[in-house]
Each structure stands twice: as C-alpha cells, then as structure tokens.
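Some structures to go through are shown next.
Look for subunit A in each of the two complexes below; its partner is subunit B in the first and subunit C in the second.
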Partner chain A sequence: MLFRQAGIFHTDYSADRALFPIPADRWMIGILLLLALAAPIYMNTLYLSSYLLPWLVWTAGALGLNLILGWAGQFHLGYAAVMGIGAYAAVHATRAGIPWEIAIVLAGITAAVIGSVFAFAALRVKGLYLALSTLALQFVMDWTISHVPAISGGTQATLQAPDIRLLGWAVTSDAGLYYVALVWCVLVTSFMLNLRRTALGRALVAVREKDYAAAVIGVNSFYFKLVAFATSSFIGGVSGAILIGTFYHAVTPEQFSVDVSIQALAMVIVGGLGSIIGSYFGAAFILLMPGVMNSFISWAATKFGFSLGIETLAHLPQAFYGALIIGFLLIEPLGLGKIYNNIRDYLLVWPFGYTKK
Partner chain B sequence: MSRAEPALAWNFETDTTLIRVLAQNAEVFPDRVAMREKDKGIWNQTTWQQLLEIVLCCAAGLEELDFKAGDVMLVLGDNRPRLYAGMLAAGALGGYAMPAFPDATLDEIRHFVHEAGARFALAEDQEQVDKILDLREQGATIEHIIYDDPRGLAAYANPGLISWDTLQAKGAELVIRNPNLRNELIARAQPEGPAVFVHSSGSTGKPKGVVLSHRNLLAGVRNAYRGGAFQFGESILAYLPMAWVGDFAVTMGAGIALHFTINIPERQETVLQNLREIAPTFYLAAPRSWDNLLTTIQVRMEDSSWLKRLVYKFFMALAISAEKRKLEGGQPTLKQWLLSPIGEWLVYGPIKDQFGLTRLRGAFTGGEAMGEDTFVFYRALGIKLRQLYGQTETSAYNAIQDLNEVRLHTVGRPLPGVDIRISDAGEILVRSGSVFSGYFKQDEATRESLEDGWLHTGDAGYLEPDGHLVVLGRLSDIVHTAKGERYIPNYIENRLKFSPYIKDAAVLGSGRDTLSAIICIDKEAVGLWAELRGISYISYADLSQKPQVIALIAAAVKHVNSALPHGLQLRKFVCLHKEFDADDGEITRTRKIRRNVVEERYKPIIDAIYGHQNTVLMKAKVSYESGEVGVIERTLSVQEA
Partner chain C sequence: MRIERGEIFGLVGPNGCGKTTLTNAITGFYPPQRGHILLNGRDITGLAPHYVATLGVARTFQNLALFNGMSVLDNILLGRHIHMKPSVGRTALYWWLARSDETLNRAAVEDVIDFLQLEGVRDELVDGIPIGLKKRVELARALAAEPSFLILDEPMAGMNQEEKEYMARFILDARDERNVTVLLIEHHMDVITGICDRMLALNYGEMIGSGVPADVVADPRVIEAYIGGAHVAR
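Let's look at the complex of A and B:
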C-alpha cells in the first residue's frame, strides 16, 4: 500500500537496472539519509557517540563480513582479527606521521594482504574445516599481537591512537567523528548495493550456490573466493581502523578477540545472510539489545516491585537476549532482513494475496 | 489543464488529412515522443519526426510496388507501430487500409478480401503471412505481402513477399533521390480520401465495410475534444484490436491530431503488466474488458488473506453505497465522507495502482451497454468512468457523459457538432461531420441507413428533456414476452455478468411466457472457487454441471432476479458446456452476442427449458483444427432459478 508502482517504465537498460526503481524506496532512503545527516542537531551527544556511531561502524564491518559469508558463502570465524590488523596498522601508521586518510587505506591494504595470504592456505579446504582454519587466523593474530611488543606496545599495553586529522583539520568533536563513521558506512553500503549487479557479485553468488557448478560454467571459483576474502578483509581493516579512530581512541588486543569475531558473525546471521538492510538490523540488534534489555529489566523490576539479586540482574538480560536471537531465527531463519522483506512484499502486493504471473 | 500549446498544434481544422497533421506535429515538436513500443524489456521510443520519416518511406516504397489510390491493403496483426505506420502510408497514397482481427478465421478474412479486391497485405509475423498465403491459394487477389517480424520467414520463397525493412530501405532511397517526393506525398491525400476501412461489428448479420475519410475522423476527434473526452498530449495504451473503429479513432485519429504519446504493449498477453508500467491518462475499453478486470480483482481478492479481504469488503461496500448516493444526486453521509481518504489509502489507491489506473483523466467504456454494477464499482474506486456512445459509421464519437453529470441510464449529451434526433419508430438518428458517406460496395445498405445526411443507427433510444440521450439497445433487440412485457435481453445479461462466476449469458424469452437464460460460467473464477472447496473436475463442461457450481450460479441468478420486476424474472437457466466463442460465430470479435446464432444452435436447450424437462441431451458438432468434424454429447441439467 505504501509502494506505488504504476507508471514506472524504462526506455533503456541502465534505467531498467536502477537500484531503487520504486519511488517509495527512494523517498525512504532520502528521508533516512536526511535524518542521519541531521542527527547531531536533534540527538544528544551521549546517544550520538555511544550508540549511533558504533552502530554505523559495526554495520560497515558486518557488511564486509556479509560479503564473504552471505555473498561468497565462505565461513569466516576470524573477522575480528582482520579488523584488528587494520586497527593496529592505522594506529602505527599515524603514529609514524602518515596522514590519517592514507593510514586507513594502508590499514585496509594490510588487512587485505594478510587476509588473502591466509586465505591461500585456508581455501584449500571447505565448510567446517575452513571455519576452523579461519579460527586459527584469529588465534595466530591474537598471539602475534600480544607477543610482539613492536605491535602491541608490550603485553597488556594500550596503544593511544592520535587524533584523526582530515586534510590537516583535526576532527575531535562528536559530530565530526560521527560524520566520519557515517561517510564510511554509506560508502560501504553503496559498494555492497552495487556489487549485486556487477560481474563480480554474480560470480560470487555462483560460487556460493555451488563452487564446482560455477567452475563448470567458467567461473574460476578459487580466484573469486580469494577476491572475496581480500575485499572483505579490506572493508574489515578500514572499519577496524575507523572504530579505533572514532570510538575507542586507543587500541588493545582484547578489542578484537575471538568473542568479537563471534559477535560479528552473530550480526550477519541475525541480520540475514546476503542482506544489506539485514546487516544494519543485525548490528543494531547485537550492539544495542543487551543495553535495552538491561534497562527494560531494571525498569520492570522497579515498576512491578519484585526485587532481583545483583547476580540475577546481571544474567537475566543475557538470557533474554539469547532467547530473542533464537526466537527471531525460529520465526525467520533468513534473519531480520528477511523479516523486513516479508513485510515489504506484503505491502507490495496489497490488497492482493500474491503477485500473479 | 492542457499541457500542450494548442496554438502550435492542430487547430481543429477538418479540411486536412492525417498525414498532413502528422507532418505538422513533426515540424512543431520533432523530438517529442510519439510512440513507445515495449520490446525485450524496455520501451523503445519513436519521435514525431521519426514517425513521419517511417510513414513517408513506407508510402514511397508502397508506390514503388505500384500501390495506387483506391487500392486496398489488408492489415493483419496485433497492435504494432509499423502496422500503424503502414496504415497511415496507405491513407497518404489515397488507398484503403483495411485492418482485420488477427484471430479472425480464414472465412471471415476471405470475405473481406474478396469484397474489397485487396492487392496488398501488411502482416505482423509468420502466422499472419501463412494465413494470407492460404488465402492466395484459394484465389485471393493479394499480390504483395509485407511483413513486420521476419522470424521464421527467411526460407519463404513465395512471390511478392517483402519485409518491412526492405520496403523501408527502398522507400528511403526514393525519398533521398527525389527531394520533392516528401512534400508531394504529404500533400497528395485529400480530406475526402479514405483514412481507414473498417467493418461494422455485425451483431445482426455479415459485417459491412465502412470507409471513413480523413474529414470524418478528424471531425469526430474535434467533436469529442470539444465534448471533453480528452485533451492534447494524453498518454494512451494502444491495445484495442486494430480492426475495431475505437482503436483507429483514438490511437490514430486523436493520437495524431492531439499528439498523444501512443504506448504499444509488448504482446496481447502482457497488456495488464504494460498497463501498469505506463499508467495512461486516457483509457477506452469495451465493457467486456472492464468486466474482465473486475473479475480479476474479485478473484484475486477471494484468494487473498482474510485480513486484506475484510478491509477490502468493508471499504468497497462503503464506497459503492457512497457512489450510489452521489449518482442519485445526494451527498455522502458523514461516515462515508470521513472514511473515504482512509479507503483511498488502504484499498482504492492500491487497487488502482496494481492495474495502472492511477493517472486516468479520461476513462471510457464504449461499444455496448455496460452493467450498472460494474459501472458503479469503478466509479466507487475513484475512476471517473464514463460512457461513450458511437458507431463504426460515425467514427466512434456520438455522445459522452460529462465529467460532472454522470447518470446511470443515459450516455450523456450529444457531442458539440453532433445532431441527434429520434425517428418516429424510436430509432436514434445522427447527423455530424463524422458520419461516413456510405458502405463499401453496398449501395442498398447505404440507402437504408443514410437519409439526407442522417444516419440510422439501428439503436432504440430517446432524448430526455434536458438533452441527455438514453440508449435502450439495438432496435432489433427489444423484445416482448408472450404476456406483452417489454424487455432488453442485454440489460439482464449485463446484470448477470456482474457476478464474477458468469462470463457470458443469453437471455431467452421472446414470445414466451417467462424468461430464462443460457449461462456460460467463468472458467478462471469458478475454477478457483472449486479448487478452494476441493471440488474436483476434469474439464469446463464437467465443471459447469457440478451440482455445487449450479447452486452457485443459481444464487447469482436469484440475486439478479431480486432487482427485476416480477414478470421479467428468470425462471430457469442452463449452464452451457462451453463458452461462447467468436470462432463458432456465437459472439462477434468484439464479444457481442449473436442472438440468432445462439437461438438456432441451442434450440434443443431452449425447447427443453420451455418443455419443462429436467435435463437435455446436447449434441454439438465440433470442427477440429485438423479439419475433422466430431460430435460431442453432453447432458445438461435445466435448473429452476
């Protein structure tokens, strides 16, 4: 009922393949972009810098992981390590006096190189074995970072990240940092949106569906898996660098531990494999839901007057949060993105039951 | 309101020709889109300048093939830009372009071709070329066959076969070599010359050839414009059969004179999708098409989820009752007034959007009478549906309903420039610049129907004191029961057809004591109904005789009866084992019922109904495409309504 489709026709093929042919979609994206741009005006700094900003950066990171998991169909349990490589590379580069703009590109390249070198070895196996080899990447990186003082600055050390400088201007305000995150997130999103209509995107999907079937029709599956690893590592590396630059302002090995890898994986799976809007939902769900649950339970406890022990209060949100994930995946195994699409489809054919022909 | 600049465009002059107006369009707005054709997923556009070039090259090419003034060109195929261009080219050379229904049987086309002595044929594709080659074998005089789509025709070595592209290339060469040819071709045709040669629908006999001159056609367009039917620069979908005068009068007549954007669907089967893509601003359809669309909506709602169905039923009932009040001259109630914007957002808007009816400024039904319920349904949706009354003989435009003055029983006022009077016998007579000058080679028929410039339409009707015209039906259709009750079968049939389960109906009862009906169920709607209830069936015939289906139809008949006077209620009905088919001659190509054929063919059924039998054994001769003739026997049950 929201999506009006009468009068949409195309006189050439490029228009026929537009990303958003339906005006309602364009309106929605336009309004969301405007809201995002105006966020520093109407949102208080606490929400802006501790909820909205990390959500955007993590969305970009999740999109990178979605590229390898959702598009190319390859397991990756060491995504946080890749982000960590980017983070450390960027911090070291800026400390060495390299401008931040170049440093984050270096961070991406470093992550891409290490990621794909590792992929060379890992891609010789498939499925669960690949999952385990990527997990190895996580542990190798963890170990390397904490045992090479040149990288970590010593065991248990925290490496301070210099302030971001863009074209010589120091970006220190909350709004400025937020815009950096927003621009990166929008960039990654538009890259991912366009990916599905490129030869690369179609090849990745072919590999995902069945790699040897793809090989039969002339898609070099090893090559495309490698490209997928490299591209996703690049996005992960830059996202890691931006996470440090805009949010943490300092880097420690714990920020990119195996838990974080699992969390990133959860974002993609809860959001929906191969779904772009799903990555937004997934990142929001994983990042924000524990906090929301916490406040909800404390509020409910005072409202209805039942007293909870400190212990219970700490663990109950976690239990609810886990139950929610299971619940959502039971309702729709393809994730939140698919739930959104179901609602959209329902409205698209409204008031009829389904599209005909 | 008007987007265009009438000062630059056609100034309503009728002393000109289509090709001259086309040339004027090409000069005034060379780069504006004249035609769009959907092909391989995208809409290919042709500007007015390009269209003029195509028509001129085609005309030059035709002349090279010795097409002279007075020659007849048969046009066979679905709506295609090249077929339209070919018709314009024939008109520019003073020849007759004679479109025929693409699904017409060979016999029908042979009749047209022989009568007119056609020497040329313009065919859409291999299928139509094959038909024409068959005709030629049977002695038709067709010398040159021009085809649009070359697929499958490469190996044909028949003489006189030439592709459109070859013809164009030849013509283009001539136009370049002889610079005067362009202007000469544009100026050659005369206003009195033929623009198109169509056939009247022939619901009462053999179709008669009607030649409309450029002047007739343009006068009709002018009258309709002044009557508010359309404006300059409308966007239309050219999907009506090219052999129906309505198509030529809208797509070519008004389309060129008022520089419409003419959109041509990819195929007949994709019309609904293409309609949604284009969302035209002007849409003319036969009542049949509106009925079909309504059935589609009803069937798809039936198949929707309960929540959607609930919302739909609530708001449609609301809108229909509001619309009925409005048509009776009343105001909507407060509740109706308050809820209508919500209904528009929830139900009416989305339904219109699903079928591309959101931009309609002019929505018309024409060709025959429309069922009242269908009419009210679309008005309730917010589509300003209006009736258009016209004949082939009057270039399609006689009278239309005014936007703010729609009444159920009238077809509106006569258009400016159209004089209407009622003869002593109650027949509608029309005099206008758009009235043709006579049937092709049928002087007697011409004398019968044209008297001092007044056309005898054959329709019965009367003028209301305020000038609104009421059309009762075909003069020959008005019949009386044995008890002297006067009725028009068509009126009752239309009421029956509002039920989604009834596709066609023939009401019987002339000279009998009571009325009864032969009913053809709607395969799609009843099929789905049966499917949802787990009723298994093997064929249309089988489905039509299922007791549950007969009960369903009986309920629909009872519903219609409740609104009819006692003497005109249907007492009995029979569900027919097949649909009425134009190939069997039971209906015309424009789907008007041929009563004499139905009454003759289904005499056993009629006898059974009035002979108070409970069942009737119907033997039907079936001619297969292979030429074999078989007999099908069916026992049909006669039902009390």
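Let's look at the complex of A and C:
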C-alpha cells in the first residue's frame, strides 16, 4: 500500500539501478531531508546540539565501520583509534594555521594511511586473529597518543580545538555546526548507497562471502580488503575530526579509547551488518538508550514509590540497556535495519499479505 | 595433455584421481610440483588465481561457490569484474563516473541471462533458488567474464535428467556461440560421450587413456579403473 510497486516500469538499466526506485521511498527521503534541513527552526538548541548532532556524526562513523565489517566482512576492534588519529590530525593542523576544510581532508588521509599501513600487516591473518591485531592498533594508538607530548600536549592534557572556519567564515552557531555534521552524514550515506550498486561494493561482498570464488572471477582479495580498510579509515578519521570540531571542541585521549571502539562496534551490530538505515538506528540506540533508560527508571521510581539506592540507580539502566541489546539480537540477529526491512516488506503488499514478495 | 581451441574436452576418473587438483593447478590455487601450464602459448604456471582470471580462464566449482546474500543479477555482474574498474572515486561519484560503465556491463550480463534463460530469477536472492538453477547461475557468472577457456567442475552433479539435458545444451551452445573452449569434468558417462570431442581418463594422477570418447570408454584399463575390473572379467 504505502510502498506501491504497481505501475513502475523501467525502460533502461540505469533507472532500474536508481537509488530509490519506489516513489514512496523518494518521498520519504525528500521529507526527511527537508525536516533535517529545517531542524534548527523547530528544534530547541539543547536537543539539536546534544542529541541530533552527535547522532549524525556517529552515524557517519558507524557507516565507515560498517563498510569494513558489513561489506568486506573484516573485523575491526580499533575503529575509535582511527577516529582518534583523524581528530588529533585535524586539531594539530588547524592549530598550525591550516584552513579547517583542508585540515579535515588531511585528517582523513592521515587516518587512511596509518590504517592501511597497519592493515597491510594485519590482513595476513583472518577472522579472530585479525580482530586481535586490530585491537593491537587500538592499544598502540592509545599508548602513542598519551605518551608522545607532541601529539597529546602532555599527559592528561586536553587540546583545545580552534573554531571551525569554512571559506573564512567562522562557524560557531549551533545551527552552523549542525549543518556541518548533516552535510558529512549525507555525503557518507550517499557513498554507502552507491556502494550497493557499483563494482567496488560487489567486489567487497565477494571477498566477504567466499574469497576463493572471488579469486577465480579476478577479484584480488588482499587489494580489496586494503581498499576497504583505507576507505573506512578515511571516513572514520574525518568523522573523528568533525566530532571534535562540532561537538567536543577539545580533544583528549579518553574520547577514543577501547570502550568507544566497542561502542562503535555495538552500533553496527545492533543496527545490522551491511545495512545503511541500520547504522542510523544503531547509532541512535547506543547513544540515546542509556539516557532514556535513566530517566525511565527514575520516573518509575517516583511513580510507584519505591526508593533506589544511588548505586542501584547508577547501574540498573546499564543492565537494562545490555538486556535490550541482547533481546533485540535474539529477536532479529540482523539488527534493527532488518526489523525495518521486515516492516517495509510487509507494507509493500499490505493488505494483500498472501502475495508474498 | 593438450586441449585444442574450440574443443569440449572431457576429464573423467574415480574419486581422488586428481581431476579437481588439475583444475586448481590451472587456475592457480596450487603451484604444480612438476611441469608447465601453457595458455595460448603463454606460461601461466604459478600465477595467482585472480591474475589467471584476467587472462580469460573461468571456472565453476563442484560444490557451488555463489555469493550468498546477493541477487542472481549481482552474482552474474560480479563475473564482469575483470571488465570493470572498481574504485572508491567511481563509487563516490557514481552519477558521473560509473553509471555508463555499469549500464554497459549490465547489458552484457543481460545477454548471458537471456542465453541461459535466467530472466525469471534475475532479482531473487541467490540463497533461495533451487540447486539446478544455482549451477546455471554459476555458469552464467563464468560466461559473463567472456572467457576463452572455461573449466566446468561437475556442472551436473545432483541434477535430474531434464536439468542435465538443459546443461548439456548450454555447454554446446556456449562453445558454438560464445567461442569458449571447455574442459568438462563429469561422472555422467552419457554426457561425456554425448558432447565431448575428446577426453582423458585419470587414475591416481596417471593418464590412463585419452582420445575420442567412444575409444576411451571401451579401453579395458579405463573400465578397470572406473567401473572395476573384477566385474567385467566375470
């Protein structure tokens, strides 16, 4: 009903490969984009800059991780380190007087170079061994950043990030920062959408599924794994730089520690491997759920008149949040993106459920 | 062992005699301990599999090796990999750099889909289609690369009579219309004698008979190795 397919006839191959062949999807994307563009008008600045903005930047970051995990099928436990490399590179570059728009590209390139040099060694092993070697990237980067004063500015130091300047204009308003994040998120999303219909995306999936079968059709697995690592590191590096520029405004080593890597991994897995909309859901879930749980439990405590100790109140939301992740993955191992797709598939033929697609 | 251009060459032998090992050596998965592999006069011994593929060698696998989670169409499009230039830049700027190339290759893939009569399952996920069709999709993926030399490793294993006849017809047509030289590994003797120009029988890595199929299958050494000597003598 909602996503009516009747009457859609493609007359050439490029129309068949359009990003959104179904009109209902095009309308939805258009409306969502308009809502996103108008968000500074109808949303108060607290929500805009403390929920919407980090969500967009983290979604872009999660999409970068999804590229390596969901498309190329290679484990990456050091993604936060890659984001950290980008963040520090951008902060140092802008402090040295390089314009911000060039600095974030430099941040991406630095992350991509370090990421691929590392991948060059790490990709000699597969599976769990690769996961452990990427974890090593995390620890090496943590150590390097905190032990080299030239990078971190000294132990326990916080480096202030200069204000963002685009083409000479200082971007300091909440709306301006939000638009920076929005543009980056839209760019990464459109790249990932294109990945689903180009030779590169197919080659990555081939490497993920069966590397020997990929080899006989001419896909050089090692090269494409390396490309995946470099691209995902680029996206991660720029996302890290933008996260610092628009949200934290200062950079410390703890912002990109190992538990942030795990969080990024959770975003991708809860959202769904290889699902683009899933990365949006996953990032929202991981970022917002602890806060939502917190307020829900304190609301319930006052409503039903039971008193909770400070300790319990601090840990209960965490426990619920963990249980929710497990629950979601038990119901649908392919994540929130798959749940969305199931609903969409249902609505594709509703109310004629017997005409199963 | 020599395969002439334009031939359908059959390879038979009992289990473990080295048929698949031979294919793996040709496609570069194992470097041979001795000997050389020449393709159109060029030595390809020991080259990496993905490089051998770019020289026009395609193969299918005994146990299917399709890419699950992708549609039939995407699987066959992957066969065009060596004719495309996948890159990050082309993906990011799809509308300007990749669309025309994708469309051209799609047209080539649609030719193969027509050729192998796969129109009906084009948009299905490859995981969900019957095994006979999966084998055909794998053949389509191999043919999409426009190979000059095609190795089919038991393309008819697990098929019923009707599917076998379809497959035999497709192999003959591929040779005639798409100028492919075929190395066919099969256990179905009727297929081998029916469509192969010449054949070779292997046993424990030794060549025990080669030539025109009718002669080879009548060779007592081949019968002994393949069907068992004692029964024939009795």
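One rule holds for everything that comes next: the second predicted complex is superposed on the first by the 352 of 357 C-alpha atoms of A that agree within 3 Å, B and C clash if a C-alpha of one lies under 4 Å from a C-alpha of the other, contacts with A are read in each partner's own complex, and residues count from 1 in each chain.
Methods note: contacts are C-beta pairs under 8 Å (C-beta built on N, C-alpha and C of every residue); 3 or more make two chains touch, one makes a residue touch a chain.
Since the structure is predicted, the reported quantities are computational estimates derived from the model, not experimental observations.
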| task | Check whether A:45 is in contact with subunit B, with subunit C, with both or with neither, and answer first, second, both or neither. | result | neither
| message | A:352 in the overlay: touching subunit B, subunit C, both, or neither? Say first, second, both or neither. | response | first
| request: For A:227, decide between first (touching subunit B), second (touching subunit C), both and neither. | output: second
| Is A:209 touching the first partner subunit B, the second partner subunit C, both, or neither of them? | second
| message | If you tally the residues of subunit A touched by each partner, is the higher count for subunit B or for subunit C? | response | C
| task | Scan A:12 for contacts with subunit B and subunit C and give back first, second, both or neither. | result | both
| said: By the touch definition at the top of the document, which applies to A:172: first (subunit B), second (subunit C), both, or neither? | reply: neither
| message | So in the superposed three-chain picture, is A:219 touching just subunit B, just subunit C, both, or none of them (first/second/both/neither)? | response | second
| task | Mind working out whether A:318 is in touch with subunit B, subunit C, both or neither, as first, second, both or neither? | result | neither
| task | Based on the superposed arrangement, let me know which partner A:191 touches: subunit B (first), subunit C (second), both, or neither? | result | second
| request: Touching subunit B in one complex and subunit C in the other: list those residues of subunit A. | output: 12-13, 16
| field | Touch list for subunit A against partner subunit C, complex | value | 12-14, 16-17, 191, 194-195, 197-203, 205-206, 209-210, 212-221, 224, 227, 231, 274
| query | So in the complex, which bits of subunit C are touching subunit A? | reply | 27-29, 48-50, 53-54, 58-59, 61, 65-70, 74, 77-82, 84-88, 90-92, 94, 98-99, 101-103, 105-107, 110, 141-142, 145
| In their shared complex, at which residues does subunit B touch subunit A? | 36, 41-45, 273, 276-279, 300-301, 303-305, 308, 311-312, 345-347, 349-359
| Which residues, counting only subunit A, touch subunit B once they are in their complex? | 1, 4-13, 15-16, 350-354, 356-357
